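The letters A, B, C and D name the chains in turn, as written, and every chain counts its residues from 1.
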Amino acid sequence: MKSIVEGVLKFQQDAFPGLSGLFKQLATTQNPSALFITCSDSRVVPELLTQQDPGDIFVIRNAGNIVPSYSSEPGGVTATVEYAVAVLGVTDIVVCGHSDCGAMTAISTCKCLDHLPAVAGWLRHADAAKAVNASRNHISPAARLSSMVRENVIAQLANIKTHPSVALALEQGRLSLHGWVYDIESGAIVALDGVSNTFVSLAEFPETVATQAKRSALAA
Amino acid sequence: MKSIVEGVLKFQQDAFPGLSGLFKQLATTQNPSALFITCSDSRVVPELLTQQDPGDIFVIRNAGNIVPSYSSEPGGVTATVEYAVAVLGVTDIVVCGHSDCGAMTAISTCKCLDHLPAVAGWLRHADAAKAVNASRNHISPAARLSSMVRENVIAQLANIKTHPSVALALEQGRLSLHGWVYDIESGAIVALDGVSNTFVSLAEFPETVATQAKRSALAA
Amino acid sequence: MKSIVEGVLKFQQDAFPGLSGLFKQLATTQNPSALFITCSDSRVVPELLTQQDPGDIFVIRNAGNIVPSYSSEPGGVTATVEYAVAVLGVTDIVVCGHSDCGAMTAISTCKCLDHLPAVAGWLRHADAAKAVNASRNHISPAARLSSMVRENVIAQLANIKTHPSVALALEQGRLSLHGWVYDIESGAIVALDGVSNTFVSLAEFPETVATQAKRSALAA
Amino acid sequence: MKSIVEGVLKFQQDAFPGLSGLFKQLATTQNPSALFITCSDSRVVPELLTQQDPGDIFVIRNAGNIVPSYSSEPGGVTATVEYAVAVLGVTDIVVCGHSDCGAMTAISTCKCLDHLPAVAGWLRHADAAKAVNASRNHISPAARLSSMVRENVIAQLANIKTHPSVALALEQGRLSLHGWVYDIESGAIVALDGVSNTFVSLAEFPETVATQAKRSALAA
């Protein structure tokens, strides 16, 4: 904890002065353009890997970058998605998985989670991805994990489409969904291409989108 | 979205090279010392304000930095807390609220949330703070909001103590809880002092702790 | 009730003899090719309107032909979908709405449902459709209801895709999803065309499909 | 799917013309006298076995003809029962099990359902019947299954009495409950006699009722 508190003091002395103008502007308002949903993993720092400033992205972080599908008993992710889309009006949502994910490893290796009942329950929101991934042949455990991470991103995008605020924004052509996977070791990102249903390099195809607004809405 | 994708390219070209040694070490392991729970708000960047590197802090972010109390139907926050404490073995948990919080403003001003049913449901996990705050006289709406933000941090610390993994770790003397409030405009942080039950400046009292491990455990 | 019991006796005396061979075959096995999900409404008789015999279609009926999205607390519809897809191996699922639907009328007219708490809770699974439909201009209440019925079919198809058994079967190219709306007065059926995202006459376009198996799977 | 779509065309050409007068009357209203709750099983066609016309019976169908008891988290069956009783005012509810039921076979043979988590969860609503049936000696697996099917009907009738709308209608003397078991091979139906608590032939005792309205209410 000592390094964290020392970090705060360092932030206040060294980093804050250069940002004080920005923070003054932001003191009573925020206007982020995107909702970025990623893992709680300490190695995935969304503002770092997208080089965004304070005020730029609204962030949800939980174990496994999971978005439960909409239900009559909504929890924190659903509430936060609703706030981001219906109140803040973000135009893009990124669901970003990553390499070496502990949650996806637990699923991919059928780890016994009896001693972690809350984790086990939470990971059931990835059951669709688990079923798809288990149906395939993988050449190695590493390939199985890598595929699981990608399928999980696809499944969470399916889940998020059941949210009313998201369905409405897609219908009205004011929201796009993005599915990313970040590789910790190399810093590379692949993005889901909704047309081919495959992941491609974001650096090579920077305009890749998982789900566009509806055609009818776009035409309107 | 364009600036975010451009940010990724900038990260890969400019920032990653200097961090590649660290990321290589982190490729297959993480060992964060703390769980940092804060708001999805775009202006609150935990790694920036604590000056921590990738790999240092495990992060939960949702609207209102809320931790539901433990129940038979655990959701994502509970699962992520369980993972952080029981698997990663973090030694500190920080619940960090902030000034100008949209969620706390909604509660503090009794805003009608009929059009945001998921948000309304989620904020019920702050009902204890709402009741306490509503029972007091406040000299202004700003004072009411400021007090609400602080009471919410206190209420979420009460909630997190109902989690089995947290209760066990506190009992065994291997976990401390911290309650912070971050002021966006000034960069200042106040911390809950568990002895006096008041918030004090973290810069002046850097060792302030909200809840220590049990004395018996510490003595052991 | 008298007419129902008399109907049973009539069935046993008049209808059963001609079907006894079929029922003998079916005594210990069923092999339906499709799961047909429709409303509890007394006017929508799935076996009549598809002219199917006993043994041909597996049927779910509830108020509003609703399929909750997958969650960690699955109910009866989810369990029955799982059984149909994973055990019986149906190759097609039809979600069939209908004209003059009481549930959709309640949503479309913003009827107060305070006295029907279970109905109100259940209809939240149509919130995505409600949000989309409310965002549009409709030339009349009848047009609003008609559109609501169609949007509800679309939303329930989005919901069913979050079910693991369905995601897997789509991935493996052994399941197609169909979205129908049945008009009670005329007997006509329109079907959702997944390509144009519009409803077309089933009589004119009998091969219309809402969601095909994945391209990759089909190619395999 | 081809035969189903062909069936629709056949319905529209052959069957609909003779029913067009009835369907015209039904276009904007329904007035069913009974709620019929039965299994999704493809061999159990309620309108066929009771020889009822469109408009006559309101139907719930799910795996195992299950009615969860009332809870604070009502699902689709509860909502549909509420709608049938409180809005449509049906005077009779039939819970109809059947021979060779896959759901009851799974319970009766203690089948492992680990690969069908939603089914396993759903069948817990038959735990009372399972416990009663397991406490008895049965002369054969067939006898155990047959008994399980009957006990399940009894348990679901107990469950439905916990619903507020049903409890109120029984209290006011405007609703009767019926428990049936349908034999696929023979077409025979046995009905639960609430006085002797045994199942008797519906053909011989056509006025058999499982639960009558309360005496006081009937006298009123």
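Heads up, the rule we're going with is that a residue touches a chain if its C-beta (ideal position, glycine included) is under 8 Å from a C-beta of that chain, and two chains touch if they have at least 3 such contacts.
Given the structure is predicted, the values throughout are model-derived calculations rather than measurements.
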item: Centroid comparison with chain B (C-alpha atoms), farthest chain; value: D
item: Same-site or different-site touching of chain A by its copy chain B, using the half cut; value: same
item: Intercentroid distance (Cα basis), chain C paired with chain A, Å; value: 32
item: Averaged-CA centre spacing for the pair chain D and chain B, given as whole angstrom; value: 50
item: Whole-Å gap between the CA centroids of chain A and chain D; value: 44
item: Chain A-chain B separation of Cα centroids, rounded to whole Å; value: 19
item: Contacts with two or more other chains, residues of chain D listed in rising order; value: 73, 117
item: Interfacial residue positions of chain D with respect to chain C in the complex; value: 1, 3-12, 15-16, 20, 23-24, 26-30, 32-36, 40-45, 47-52, 54-63, 66, 68, 73-84, 86-87, 91-92, 94, 99-100, 102-103, 115-119, 121-123, 163, 176, 178, 184-189, 202-203, 206-207
item: Residue ranges of chain A in contact with chain C within the complex; value: 68-73, 121-122, 124-125, 127-132, 135, 155, 158-159, 161-168, 171-172, 196-197, 214-216
